[in-house]
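Both complexes shown next keep chain A, but they swap its partner, so chain B is in the first and chain C is in the second.
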Partner chain A sequence: MSASAEPATAAARPAGMAAPARRKRRFRLAPRAISWLQVGPLAFILITFFALPTATFLVVSFWDYDRVGIYPDFMLDNYVELLTTPATYRVYLSSLKFAFIVWGVTLFLGFNIAHFLVFHVRSSAVRTALFLACAIPFWTSGIIRTIAWIPFLGRNGAFNQTLMGAGLIEAPLDFLLFSPFAVIVTYIHLFTLLMIGPIANSLSKIDPALLEAARDAGASRWRTMVDIVIPLSKTGIALGSILVFTQVMGDFFVVKAMSGGQSASIVSALATEIQAMQYPPASASAMILVVFVALMVAGMMRVVDVRKELVR
Partner chain B sequence: MDHPVPHLERRFDVELVAATKRYGGVVAVDRVSLRIPRASYCCLLGPSGCGKTSTLRMIAGHETVSDGDILIHDENVTDLAPAERGTAMMFQSYALFPHLSCLDNVAFSLKARGVPKAQRHAKAMEYLALVHMDRLSHRMPAELSGGQQQRVALARALITEPRVLLLDEPLSALDPFLRTRVREELKRLQRELGITFIHVTHSQDEAMALADLMVVMDEGRIRQAAAPREVFERPADSFVAKFIGGHNVLNGPDGLIAVRADRCRLGAPGDQPHIAGRIAAVEYLGTTVRLALTVGDGEGASILLPDELFFANPVQMGEEAVMVWREQDSHPLDLPAAAE
Partner chain C sequence: MMVGGARRARDPREKRPWTFYALATLMGAFLLFLYGPMAVIYILSFQGPDGGVTFPMVGFSTTWFEEIWKPGQMANIPVAFWRSVALASIVCGITVVVAVAAGLGFRRRFPGSGVLFYLAVASLVMPSLLVGFGIGLGFRLFDWKPDLFTSALAAQLTWTLPFGLFAMFAVFNRFNRAYEEAATDLGASAFQRLRWVTLPILAPGIIGVAMGAFTLSYDEYARSTLVAGNRNTLPLEIYALISSSTSPTLFAIGTLTTAVSFLVIGGTLLFIRRMQRRRAGAARPA
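After this line comes the complex of A and B, so read on.
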């Protein structure tokens, strides 16, 4: 294509100008090479930081170990031990419980906030400001935002003090901090934005004329919501759900900092093994977690085609 | 006003009484009063921003009325919800629900009213058949052509058995061939159903072809509301004459006059009214040839000549020419100041 255009350009130029044009042409890469260069950086990152470590885990998960070292081997003992320990099911159950509660609450909050931002805020400046208000807390580390709850929810924390000051309670509420309650509150705080984003994205693609058409047909607000708005935002809902769900299942710090030892997470069990340098069983639990979360995500993807949302 | 007068035949399907729409300080529709006779095809015509769509949306109930009243079948509907007015709207982009099949799109308003599934699907099929879309009832809107989507949108609007159907630029997204066909169909449907259609358009051809009552709007006001022939033969002011096209607006001895371009000829200055100019363009249009003239102080005029007349005595671009017309073909225009 460009080759046929080149002679015409060169002919139009004075003779002296033809040389740089020809030199430039020598640097032109084959289309195939350009494609490889474009794919290269992402492929490099994915292979080095995702595929290779995962493959390493997979290999190491079959190795033997003792207190002093790990030994190349191919045995299923790590998996057998993991899957026959009741503690494994206990932490999975506990994490799943957190995941579902947090998923439900963040979905409710996220959908309503996104709906408000997209359909009820008319001025785009106000909408941008409100979106920023949601997003700016994310500029700090999740650990800081987690710890920030401690002085608020603590026995002598701001919340208890306020309630006592108002005369609503006599003694400080103990369940607020270092409890499953605290874990859930922190998760919700950390992850609601992950719901708001994709759902708001879906909602903003709904043509407002559709809502008018529904109203014109005599549909109540509720019917419009159930029959039009929710079905049209289900890709956003699925995407947000996947983000929240995988975050909770893979969490380590929040449970450790906020549960006060009352709950264990999948990753905290794994971390204990790593600290004991028992890499093969740690790898096995990591693999099981990856497969488990992948299956859950695959299940959600079966319900809703998320790729449609991403390419739209 | 809220109750129909007993024992008196209803004369109008829709009445606007000084209907006004303000957006903040901007007046989009300015005290518009209009009476649309029973079972008529009414076209709201005007350039973009003239208030025609706002007027339609006020009638539909999708826009609140800032001032004034709207009556449908002698009932004041100004504060009623869209579904309580007996109107149905066909949206410009059709606004079909993309996740529902044609059948469910058409059945939607019945679902909203709690009609059982089998019953609403049967009725939706009837209406799809009315617009010849019954064979594609299971398709999703994205799998249909623009013309097919429009038929489904029409069926969806009609299934509510509206007293007035509101159409917002229904033909603008169609290609020219389809446009003419759908135009015929809309008119046929309106006659068959015997209800009032209110059709917003910026195309004068469309309005002329369809309307029983043609309402020309500009800057939020009605410039003229009459039958198309009346509007074309006796435009109320220079805006109407220019907007509907086919007219030369010229300075006559007693103010502005309009002369139909097809009544103008080339000729020699004599007793008859005339204006001298230069031919700026010659456009062959098939049955006619349009000559564009630069006359007087840079103003333009045009002559539509039957093709045989032109080729009997052809002229070239750039030639001097004199445009003549008969005295009885000139139509005096009220001065804009007098019109308001």
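After this line comes the complex of A and C, so read on.
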């Protein structure tokens, strides 16, 4: 089922069949054939390097293994073992907890900041500058941005020393670093931009005349927000939520570096299995994670038709 | 990923509502939150030779930067840096060509567009380590050796391509098709239209995609880690250092890589600005 083969069959159809009559050319590819040629490379790369590898670990998740190697088989043991281990549920629960807290905070921050940038800042130069200020840290490696919190939050870190210097606390706060708190703070630091971008994009498409009309008709600020701005920005909200949620669920590094061994993430547990070359059980747990994330994303996309809004 | 200029028709002398001040405060606090910890590592990377990884600063030196270039345990950093740049350039080139072409293709509805769209969404939201895992597993089954410029390149493309595609959607959303129709009416061929009308108008957006793809690849860790073979990229090298080293060298590397990102972004933005200014200048006399 190679997509790159499709344009050839389409090109064989009567040329110019669907082309607008205005264009007078003897030979013309059907518009759909042109589209297929244009998206062909993308389809090829995504199928080869994304769909097939995913299918690979779907297949391998049913295989047998021992210390030496992996063997083709069809057994459900990998799944049964995974789903009967309490640790699986514990790690999903803890990841979900992180995901929801981070989602809530980034949504609040992202929406308000996007709203500020789009509707309150009047000069477009200031708007661009502020948006860039939000975006620039995103271009620094996530690893660096994660470890940047260590000297900041540590026992003798900048934050504790500032608080002590200001006389607000007497002893350094211990819960700041290597704790769930540190994990959440780091996630928010890393992912808020993923909320700001899509929401700002939706908000900037809202016609200001609508808001003025609402105001002239006597709507309060709150009513305008709830009845006009939020419904019109729901694509951005959905897109941002999907990005933040999947980033947290797929996190590998932050929990490892910032929780101080107090919690594990789904993926870091999986990475341990991969390092131990236990590919079939790792595949099974990868498959469960993929299905889980896919269901959550599908749920969010049911609420908002992202495709309709993105592709005009 | 820039916010489009909102078309405000309000009197600039109008009094600011209280929400403006509330949101401005939130914005300020957020920027502090964003830059605070980064500033700490930039400062600490200039730690004196006897200082450690936390405050206080014991003098001021560039010792830790010099450490990076010295032969020794850091010897791999410069090599890894150039490897990362090479890989990021390739990723960037492929992403731009493929994503722009696909963006053009998606302007029409074609059979299979829905499937491809959701494939791109799935590829974007796939937990990153799993992409590398899947590709690595595939390579293992075929007995191929994973390498930076085969498997790691492929793993990174599954992330930069959907990003590039969605960015192109946003770019095309702001594109006025009347220009293309005008070109056709004036007798331009499809190729001339693309070369002299569509691409120049989209150029700032395309450069944005290129910049995004470059930095996404340059900073990428989780996708490449399982499939990079035995030649590490810079982020992989840094990750290896985190567990072994506790000197401010790590911060110095952080400062340097950030400086590189800034140079790339700054250069690109200047380029876009100059291009837009030149265009505005060319348009004015009419």
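Definition applied: the second predicted complex is superposed on the first by the 274 of 312 C-alpha atoms of A that agree within 3 Å, B and C clash if a C-alpha of one lies under 4 Å from a C-alpha of the other, contacts with A are read in each partner's own complex, and residues count from 1 in each chain.
One rule holds for everything that comes next: contacts are C-beta pairs under 8 Å (C-beta built on N, C-alpha and C of every residue); 3 or more make two chains touch, one makes a residue touch a chain.
A quick note: this is a predicted structure, and the numbers were derived from the prediction, not measured.
Participant: Where does A:226 make contact in the superposed view: on chain B (first), on chain C (second), on both, or on neither?
Facilitator: neither
Participant: After the superposition on A, what does A:87 contact: first (chain B), second (chain C), both or neither?
Facilitator: The answer is neither, since A:87 touches no partner chain.
Participant: When the two structures are overlaid on chain A, which partner does A:140 contact: first (chain B), second (chain C), both, or neither?
Facilitator: second
Participant: I want to verify the contact counts: of chain B and chain C, which reaches more residues of chain A?
Facilitator: Of the two chains, more chain A residues are contacted by C.
Participant: For A:119, using the defined touch cut-off, is the partner it touches chain B, chain C, both, or neither? Pick first, second, both or neither.
Facilitator: In the superposition, A:119 touches chain C alone.
Participant: Once chain A of both complexes is superposed, is A:161 in touch with chain B (first), chain C (second), both, or neither?
Facilitator: The answer is second: A:161 touches chain C but not chain B.
Participant: Of the partners chain B and chain C, which touch A:210 in the superposed model: first, second, both, neither?
Facilitator: first
Participant: Pick out the shared contact residues on chain A: the ones touching chain B in one complex and chain C in the other.
Facilitator: 207, 209, 212
Participant: Inside the complex, what are the residues of chain B that reach chain A?
Facilitator: Against chain A, the touching part of chain B is residues 60, 62, 81-83, 87-89, 91-93, 95-99, 108-109, 111-113, 156-157, 160.
Participant: In the complex of these two chains, what residues of chain A are touching chain B?
Facilitator: 207, 209-210, 212-220, 223, 227-228, 231-232
Participant: Quick check on the complex: what are the chain A residues that touch chain C?
Facilitator: Against chain C, the touching part of chain A is residues 3, 6, 23, 31-32, 34-39, 41-43, 45-54, 56-57, 60, 109, 112-120, 122, 124, 127-128, 130-137, 139-145, 147-154, 156-158, 161, 188-189, 192, 197, 200-201, 203-205, 207-209, 212, 221, 242-243, 246, 249-250, 252-253, 257, 266-267, 270-271, 274, 279, 282-283, 286, 289-290, 293-294, 297, 301, 306-307, 310-312.
Participant: Which chain C residues qualify as touching chain A in the complex?
Facilitator: My answer: residues 1-10, 12, 16-17, 19-20, 23-24, 26-27, 30-31, 33-38, 40-41, 44, 53-55, 97-99, 101-102, 104-108, 110-114, 116-131, 133-135, 137-138, 140-141, 154-155, 157-158, 161-162, 165-166, 169-170, 172-173, 184, 215, 218-219, 221-222, 226, 234-235, 238-239, 242, 250-251, 253-254, 257-258, 261-262, 264-265, 269.
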